[in-house]
Amino acid sequence: MSLKIIPKEKMGEFVANMMGAYRVVGPRQKEHQYVFGPIENLDELHLDYNTTILPPKKYLLPQHESLFKFNADTFDAELTIDDQPTVILGVHTCDLHAIQLLDQVFQRDHLDQHYMARRENTILIGIECLEPCDDHSFCKSMGTLTPPTGCYDLHLTDIGDSYAVDVETEKGAWLVVRHAEARDADDEDYKRINNILSEKWPRFPYKLDFDVGELPALMSVSQKSPLWQQLGEICLACGSCTNVCPTCYCFDMRDKVGLSLTDGYRERFWDSCQLDEFALVAGGHDFRPSRAARQRHRFFRKGKYQTDAYGLLGCVGCGRCGRACLVEITPVTTFNELYRQRTGGVR
Amino acid sequence: MTNVSVNVHHLTRVEGHGNIIVDVRNGELKECRLEIVESPRFFEAMLLGKPYQQASHITSRICGICAVGHATTSLRTSERALGVEPSQQTVLLRKLNFFGEIIDSHVLHTYMLVAPDFFGVGSVIPLAKTHTDVVLRALRIKKLSGDLCAMIGGRHTHPIALCVGGFTHLPNESELRAMRKRLVDARRDMDETVALFKTLDWPQFERETEYVSLTKSDEYAFIDGQIKTSDGFLYDLDAYRQVTNEKIVPHSTAKHASHNRESYMVGALARVNNNFDQLHPQAKDAAAQLGLEPICYNSFLNSAAQIVEMVHSVEESIRTIDELLARGIKPEEPVEVEVKECTGVGSCDVPRGILFHDYEIGDDGLITGANCVIPTGQNYANMEADMRALVPQILDRPEPEITLMMEMLIRAYDPCISCSTHFLEVEFVG
Amino acid sequence: MVSSIYLPEPARILDVQQMTALEKLFTLEFFGGRSLGHQSGQFVTVSALGIGEAPISISSSPSRSNGTFELCIRKAGDLTGVLHQKKAGDTLGIRGPFGQGFPLKKFQGKDILFAPGGLGLAPARSVINQVLDERGKYGRVTILYGARTPAELLFKGELEEWDKRDDVDLHVTVDQPDDDWTGNAGVITTLFSKVSVYPRNTVAITIGPPVMYRFVLMELLGKGIPETSIWLSLERRMKCGVGKCGHCQINDLYACQSGPSFSYAEIKAVEGAI
Amino acid sequence: MSRPKVAFFDFTSCEGCQLTVLDALQTHPELLDAVEIVQFREAMSEKGEDYLIAFVEGSLARPADEERLRGIREKAGILVALGSCAHIGGVNAIRNRQPLEKVRKHVYGEKWEWFDAYEARPASAAVKVDFFIPGCPIDRSEFLEVVTALLLGRQPKIRDYPLCVECKLKENVCLYDKGKSCLGPIIRAGCGAICPTYGDGCEGCRGLITNPNINAAEDVLKEHGLSVKEIMAQMDMFGTYQMMEMEGVGHD
């Protein structure tokens, strides 16, 4: 929509003003890493973070969430919809792409009101990455180094003494008008941004040995690759890869009741396709019993199934899973190995 | 005249398994003993070949109530052996944690295990109906002390964050401030505790014995210091064997100890007797109200001494938090350790009394020898001596009453039977 | 008003019938009076609040609904165990119907061969009764049904009725006969030699446990029935029933959305489907 | 509804799990409305012999323990192993790696035969255990969950996936990223990853998951600089009994 400029010294005020009206969450330091968490004073906010342990997804699809409360005797049930107005500040572009996928998943066919209520009351403020966050990320290869249109409300780019603010939605525009001291960008600013964005590009490496457009096709022919067996041998099935992934959203549900045995709630909580009981059914049949089959399933969701179903990639190249994996299973080495097996590495 | 036979199989409301056997025939005391039937635990054998870093985690499993005491003693033992000096912040946090455990253990013992005897009930559960405020207060204090320990160690039973050289996790200042507020609020509960226990009718019984505890020049000692006895002896920790002199007796999986006399007593009463002057003024006031004055030879008043120490610990916790807040919590890594072949003795005066750990560590950091001398083990001989002295005084009472008195006597010691069944590096006397 | 796809709607149990040692048939009706409006082959999720929720096939035919529906439930664990303690008058929570039923319109004019095994008769019964209620629209109707023991045969009354009909060819078998059993003994595949089909005009519907499919499919294909005319229903672990929770995914298919009814042609290339 | 009668028993243990039960009463006094406690030696004098649910804490450490446990099993409708000692032998089993006689002599010298002992083992080595609550000590909320499930007639759901799951959800910095080690990838979750949350590696008190990838986990430990002895010590702290079973070493 428009481009505004907020001087850095005015950022504190902007954030403080938002804190008055919304729950503001953003990247905070935790030991030598970062996590998204509530920002209560400005020192806690680290917009120059590399990446977070868990993606901001946890504010749209919480780890544990009550869907409805009930009285088991009377069958009275009351919906619990958590739609606390929230600003998520400092979302990297890869994570914005992931949210774009979640939006599709939870709106398509059957609308998930719990997700959508939160989503509609969430304001996303992205931030442009100017440096690769570390060796694990491969956003450039996945095409997620720039923000996806329509998914964010505001997007910040550090242009030295100020942030350039790309205003994408009405909500975002209102937020700036209401809470920030911003001015319109002028020709000089456009030039600066232009330079910064084009200078950043070569700093990011391509990590995949092939074009990401070929990925779904590559996956289609890799069902029987011996690689899956190899991954199955070393995989710990610890679920870390899926738990840290911004595009994973599988969940389970269970009823929680107190000692009264009548009052309780149905809870939705994160699940992982890497865990033992994920595909087990009554009678004891497990449809994905081996670690190899589960790793294959995971990578197929990342590389093919989500693209087939939603037209969006199931992996946004954030690199979190590789970072979290103790046996160093990563999408980059996996996809590249499949490519090598197919072509001998020749493009 | 009388024949009395008391046979309490599996003494209740104590930690671990023990039996009381009293046999009086024609007015003559034939037999009077405390049988420890807990199965042997072999902790010293378990430590062999384990990295010294694991020792505090393994030995904290000796006892679920004084897990912090065992862990801290173990850490001090390794540190003294390896020549590690923890930072002042570590020292303060460990103290604070220790106060938490003293409160936790003492409130459990006095309110939940001892008090039912005075109210004439078998457990604290019926008291919930008849004396709701008393039970709620006990639960409140227990929760406070548990939370205090958890704030520092992650949980009270088997603390996590305590390690050789410091901590793997530190509480933050806002947690400390919130805890301080709760401790200040707990002063009222302390006042009411003193008011309640001073109405109890403690059995009149005295027997002179020797009291053994840690002592320090500058504070009421719980962690480190020297060994002091009420008979006027003072030893460095390394000389602990001169005090404990343990021997094996056939009716018990736990060892008996004696120093200057046939037996000695450790625990809250021993500490209060030995270090009375260093108690917080508030605690001295409590002692006065409870009629506890050094040197007190009534073992039943060990429970009163515990109340005094609870008051002391609440006050000292507040003071320690103030000191920590004034310094500010600094993110510190544990002190680096240079592994070498070494030996060391460490000691803490844990809720039930003075505790010693003694390790040999090899140059690969693995433990090659270990000895732990547990307070309850040191008290056994004294308990039996008390029993022998008490029975003749109460022989005229009905048998159930004698039984109850014996149980109350043993319970007053707050015995932790499960932890006292351990290996002793034995010089045999038995 | 905000609603939720996860909120079950209360339904009253009208009747409970013990069918075998492990299976009971529940007749239900929504409190609001709405009819379920399902197709044969679809499923609902059933909740007992405080215990949990499970997907259950609808066992009654849409052609016989009159505002009620039937579920045949096997006691298999927590929820189903508690459901088995419920009585007429109790309340359950229902979501659905979900999934794709069998495309009966496409089957009109064709011969239909049913081959359910075990609990597979529960969903199959819905289609069978619908076909029988619209008997004129279909060609020959053959039912091959197998259970492990005579005691485990479901819907015995209906089996008798079907057996009596001239326009239905019913064959029943049990794996382990008892002394009173006079019928066929052996696994369900032993029944195929007893029937003859005209493959090009036959639709086969088979529903049963995973092990059964492999063998039944061989028989059906062996008879020359085209892959597009063989239909089955796939059971997977399911939590949401609406294609979100990920549990029932078979490669790129969600059993709860694209299924549970699939033609063999759709899934034969899908690794791990059968 | 009448309150089911429950009883608590202890064998060789530190009694920390029973203390955790007492702690649960602090936060959930309504527990006393839900069940009737008829025996709890650590906290009460009364001893009722009629009970539906028996919670058993502690390992078996000598032959006589088995007899007592069998007696409890006979009376109890449901027997629940409470905590690491009863569930997997716990720390008590550490000594099983050494010859029994050596251990006994080491402890009691020439009088070693005075005190009976055999290799420490979990309750399930002697009787059928219906459910277990893992942990050293048990987790308070998990205990309440199990009680609630039993009251509802539901199978208690003890987690059977690795601790890393909960650790990630806590958003802890992984200990391996801090140059430390951790058994999280092969140990049962359910404690909320409390040890990693407080900066210490998981020691394995909740026991192995059903399908642990032990080889891969050992490789990870090796890659992070642990010696074989140190790896053994880690695995053996709570896991000696389970490890020896997997190694096919007998216990009798």
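Miscellaneous remarks
A, B, C and D are the chain letters, set down in written order, and residue numbers restart from 1 in every chain.
What we mean here is this: a contact is a pair of C-beta atoms (placed from the backbone, for glycine too) under 8 Å apart; a residue touches a chain by one contact, two chains touch by 3 or more.
Treat the numbers as computed from the prediction; the structure is a model and nothing was measured.
Taking the mean of all protein Cα atoms as the centre, the chain whose own Cα mean lies nearest is D. Annotation: A-C is the more contact-rich of the chain pairs C-D and A-C, by number of C-beta pairs in contact. Separating the CA-averaged centres of subunit C and subunit D is a span of 44 Å. In this assembly, the C-alpha centroid of subunit A lies 39 Å from the C-alpha centroid of subunit C. Subunit A and subunit D have CA centres that are 38 Å apart. Centres computed as Cα averages put subunit A at a distance of 52 Å from subunit B.
Looking at subunit D, residues 152 sit in touch with two or more other chains. In subunit A, the residues that reach two or more other chains under the touch definition are 254, 257, 261. Residue numbers of subunit C whose C-beta contacts span two or more other chains: 50-51, 77. Chain pairs that touch one another are A-C, A-D, B-D, C-D.
Across the complex, subunit B is touched by residues 10-20, 22-23, 25-27, 29, 32, 37, 40-47, 61-62, 65, 90-92, 94-95, 98, 103-104, 106-111, 114-117, 136-137, 194-195, 197-200, 203, 229-230, 233, 237 of subunit D. In the complex of the two chains, the subunit C residues touching subunit A come out as 2-8, 10, 47-53, 74, 76-77, 80, 91, 93, 209-210, 235-237, 239-240, 242-247, 249-252, 257, 271-272. Per the touch definition, subunit A reaches subunit D in the complex via residues 30-33, 35, 53-54, 63, 233-240, 243-244, 254, 257-261, 270, 272, 275-277, 291, 324, 326-327.
The touching residues of subunit D, counted against subunit C in their complex, run 152-155. Interface of subunit B with subunit D (complex): residues 10, 12-17, 38-42, 44-46, 48-51, 54, 57-58, 61-65, 67, 108, 112-113, 116, 122-125, 128, 139, 142-143, 146, 153-155, 157-158, 160-161, 163, 167-169, 248, 250, 253, 364, 366, 418-419, 422-424, 426, 428, 430.
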